[in-house]
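In the two complexes that follow, subunit A is the common piece, with subunit B as its partner first and subunit C second.
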Partner chain A sequence: MSDVTNEPMAEPMGGGPAESIGAGTASYVYLAARDIPDDAVAGITGLESQPVRLVRNAGLTAVVSTVDLAEFGEDGLRRNLEDLAWLEHVARSHNGVVHHFGRQTAVAPWRLATIMLDDERVAGLLADWEHQLKASLDRVAGCSEWSVKMITELSADQRTETDQPTSGTAYLQRRRAEYSRQNSAQEQAAAAADRVHATLSGLTAASRRLPPQDRRLTGHRGEMMLNGAYLVPDDRSEEFSALVGELGADLPESRLELGGPWPPYSFATLETGA
Partner chain B sequence: MTESQYGGGMMPAGRQARPPAYDRPQPDSLADLLERVLDKGVVLAGDIRVNLLDIELLTIKIRLLLVSVDKAVEMGIDWWRHDPSLSSKAAEEHDALQQENARLRERLDALEGGPSGRQDRLEPASSDQDAERVDDETPAAETERAQR
Partner chain C sequence: MSITAIDRTGQPVATDHFDNRAMPDRSDSPAGRRQVALVDLLDRLLGAGVVLSGDITISIAGVDLVEVRLRALITSVRAEMRATDPGADRPLAGGARR
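Presenting the complex of A and B:
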C-alpha cells in the first residue's frame, strides 16, 4: 500500500538510541494535504524561521520543518508549554504555515507540536492514517472555517433604580426581582443563541458549538452565549456573513461577532485516542 | 478546483449595508487560535510524546486565565484599553478624580489663603481682597454640598 513501511522504525531512523531524544533535530508537522507542488514551499519558513519542506507518501503530502529537540524535545516541550509567550509564538507560526497552504488547497491542520524524529517517521504516519486523513480532507475541501460568537449584556440596563431601599425587606425584594429578571434574560439569550446556531448551521457544511471562552482571557464584556464554529463552502461565504449580519440586527440585547475565515481546524479532525 | 480564501481573519467579501449590530471581525484572537491549535485538528501521537495531561492542564490554565493582566497585555490581549465604553468609563473616573482634586485644592487654598495665613506672609492689600473673596466662596460651596 505504501512504499514506506512502518515496522522497522521502532528504532528511530538516523536518530540513534532512544536517549538521544532531547538532543539534535526532529520534524515538526504542520498539516497534511493531498498534494502540494514542490515549488509551493519555496521561500516559506515556519518555526524558528526554518524553511518548510514536503514529505509525500500514500497519496498525501505533509508540510514539515526542522526543529531543535532542545526546545521541542520532551523535556523542552513540557517546560515551554507552560510559557504562554512561547506558546503564543509557536501557535502563531504554526497557524501562519497552515493558513498559507490552506489558501491553496484543502488542508488538515495537525495539532500544535506534533513532532516526529525524522521525515521517514512522518511518511509512516501518512501511510498509517491514509484513509482517515483523506476522509478528513474530503470533508473540508472547498470550505473554510468561520466563527460566530454571540455576546449578551445581561445586566446592562438593570441599574435604573436610583432610590435607595428604605428597609431590608425592600432591599431583598429588589434583589429578588433583579435575580428573576436576569434569569429570564439569560433563558431568552440562551434560546436566541440556539436559534442563531440552528439558522447558521442550515447554511453550512458542518457546525460545532465550542465551549464559551472565559472573559478573563478574551476581555469581552457580557456573557458569551454562543461560540460556534462553522464550515462554510467558500462560494457561500458572502451569503453566510450577510446572514450573520441579519441575525445580529434582530438581537437588540446581543451582538454577533464574526471571525474567519480560517483553515478548517475544528472540522478536519482526526483523533486516535492513542 | 475551488481555492480556499482565508483572509487572515479579515473582513468577508460581502460588506454592503452592514447592520449596526454586526461587529467587525477582529484579527485572530489568541483565545480563538489556542482553542483550535491545541484542541482540534489532526491529533496523532508523535515521536515526541508530551503527556497530554500537560497540554490539557495548560488549556485549562488558559481558560481559567491563571495569568496576570500584565501577561495578558504581553500576549496582546489588551483590547479593553481601546474599548470605547470602557475607556469612556475610565474617562468618567478620571473626571471625577479631577473634580475631587479641584475641590481639595480649593479648600487648601481657602485654608492657606485665609486672613491669618495671608497676614503671616505680609501680602499687599489687593491680595487680601482676593483672599476674602475665596474665603466668602468656600462656606457657600460647603453649604451647597450639604444640601445635596
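Presenting the complex of A and C:
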C-alpha cells in the first residue's frame, strides 16, 4: 500500500527494531505536498547535508531526510532545544527545504523537528491524514504568508529637566497623570492594532494573531501591539503591501513592519484530534 | 525570509530565500535584525505547521515548545549581553536592559 521511494535507512539497529529511540537513524519530515516529481529532489539537501527524498502515499508526497537519533531522538531533542545555535541551524535548514519546494507547489510545512522512526511510518501518516492534509493544501494553494507587526512608542514620559516636582503631592499628581495618559495611550494603540488587523484580514484568505514577541528577544523599542500572520493570495501581494503602507502612514505613533513572503507556516495546521 | 521595514511607497524590499538580508531599519544592527528574523522563524516553526500528536511519533510534542523556545533565546540574549561591551549601543543589549 505504501509506496516508499528510496529506502536509505543506512544502519538498522543491531538485530531488531528500534526499541530505544536514542540510537540509529530516523526520518525527519519537512513538509507534505500533493505531488513533487522525482527529479525535483536531485541535489537538494536538508539537515546535516543529507539528501532529501520523497515518500509517497494516498496521493500525497512528503519530503524527508535521514537524521541521527542521537541528536534528534527524544533525549537529544530535549537537550538540543536548549541550544540556540543548534535550534537556529535546524530552523534555517528546515525553512530552506520548505521554502525551496514552496516555490514550486503548494506545501503544508510540518512543525520543526517532527521525526518518524522510518519512511513506512511517514507513509502511514500520509494515509491517516489524507483528508486533512489535502484540505490544508487546498487552503494555502496560491497563497503566501506575510507578517505584519505594529510597534508603538508609548512614551508618556515627556517631562523636561526643569519639570521636577516641588512637593510630594505634586509628585503623586504627576505620577497619576502619567499613569492615566499611559493607560489611554495603551488603549488607543490596542484599538489601532485591532483596526489594522481587521483591515488587513479583509484582503487576505486567512489571518491569525500570534502572541506579541518579547523585546528581550527581538530588541525592538516600544510595545508590540500586533504580531499578525496573513495568508495572502500571491496575486494580491502588491495590494497587500500597499495597504500596509497606507495604514502605517496613518499611525504616527506606530511603526508597521512587513515581513515575508513565507511558506504558509501559520495556516497549514491541521485540526487536532481529528 | 526577511523582515522588512516598509519604505515610503509602502513597498517591501524584495525578498529572497531565508538568509535574512539586512533591511533598511536604522534602529537595528545586523545582529538585532538577525535575531528578530530568527524569532519570527521560530514563532512559525515551533508554534505552527502540521503538528503531530499521539504516540505514533517521537516529536517534541510533549515538551512545552514556547517555554523551551523562550528559555533558549533568553539564555542566548543574556550571553550576548555579557559578551558585549557595556558601553556599546547594541539593540540586543538595549532591549534586554529593561
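We take it that the second predicted complex is superposed on the first by the 248 of 274 C-alpha atoms of A that agree within 3 Å, B and C clash if a C-alpha of one lies under 4 Å from a C-alpha of the other, contacts with A are read in each partner's own complex, and residues count from 1 in each chain.
Note that in this section a residue touches a chain if its C-beta (ideal position, glycine included) is under 8 Å from a C-beta of that chain, and two chains touch if they have at least 3 such contacts.
Computed from a prediction, not measured in an experiment: that's the story for all the values here.
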Looking at the superposed three-chain arrangement on subunit A, would you call subunit B and subunit C a clash or a fit?
clash
When the two structures are overlaid on chain A, which partner does A:L203 contact: first (subunit B), second (subunit C), both, or neither?
neither
Under the stated touch criterion, which partner chain does A:D235 make contact with: subunit B (first), subunit C (second), both, or neither?
first
Where does A:L54 make contact in the superposed view: on subunit B (first), on subunit C (second), on both, or on neither?
neither
Does subunit B (first) or subunit C (second) touch A:G102, or do both, or does neither?
first
Touch count on subunit A, higher of subunit B and subunit C
B
Looking at the overlay, what does A:A190 touch: subunit B (first), subunit C (second), both, or neither?
neither
Overlap of subunit B and subunit C contacts on subunit A, residues 21, 26, 32, 73-74, 77-78, 81-82, 84, 87-88, 91-92, 94-95, 99, 108-117, 121, 125, 129, 133, 136, 147, 210, 213-214, 216-219, 221, 241-242, 244-246, 248-249, 255-262, 265-266, 268-270, 272
Would you mind writing out the residues of subunit C in touch with subunit A in their complex?
1-12, 15, 17-18, 25, 27-28, 32, 35-53, 56-60, 63, 68-77, 91-92, 94-96, 98
Okay, in this complex, where on subunit A does subunit C touch?
21, 26, 32, 73-74, 77-78, 81-84, 87-88, 91-92, 94-96, 99, 108-117, 121, 124-125, 129, 133, 136, 145, 147, 210, 213-221, 227, 229, 241-246, 248-249, 255-262, 265-270, 272-273
Interfacial residue positions of subunit B with respect to subunit A in the complex
1-9, 12-15, 18-23, 25-26, 28-38, 40-51, 54-55, 58, 62-65, 67, 71-72, 74-80, 83, 85-86
Subunit B contact footprint on subunit A (complex, rising order)
12, 21, 26, 29, 31-32, 69, 72-74, 77-78, 81-82, 84-85, 87-88, 91-92, 94-95, 99, 102-106, 108-117, 121, 125, 129, 133, 136, 141-144, 147, 210-211, 213-214, 216-219, 221, 233-235, 237-242, 244-246, 248-252, 254-263, 265-266, 268-272, 274
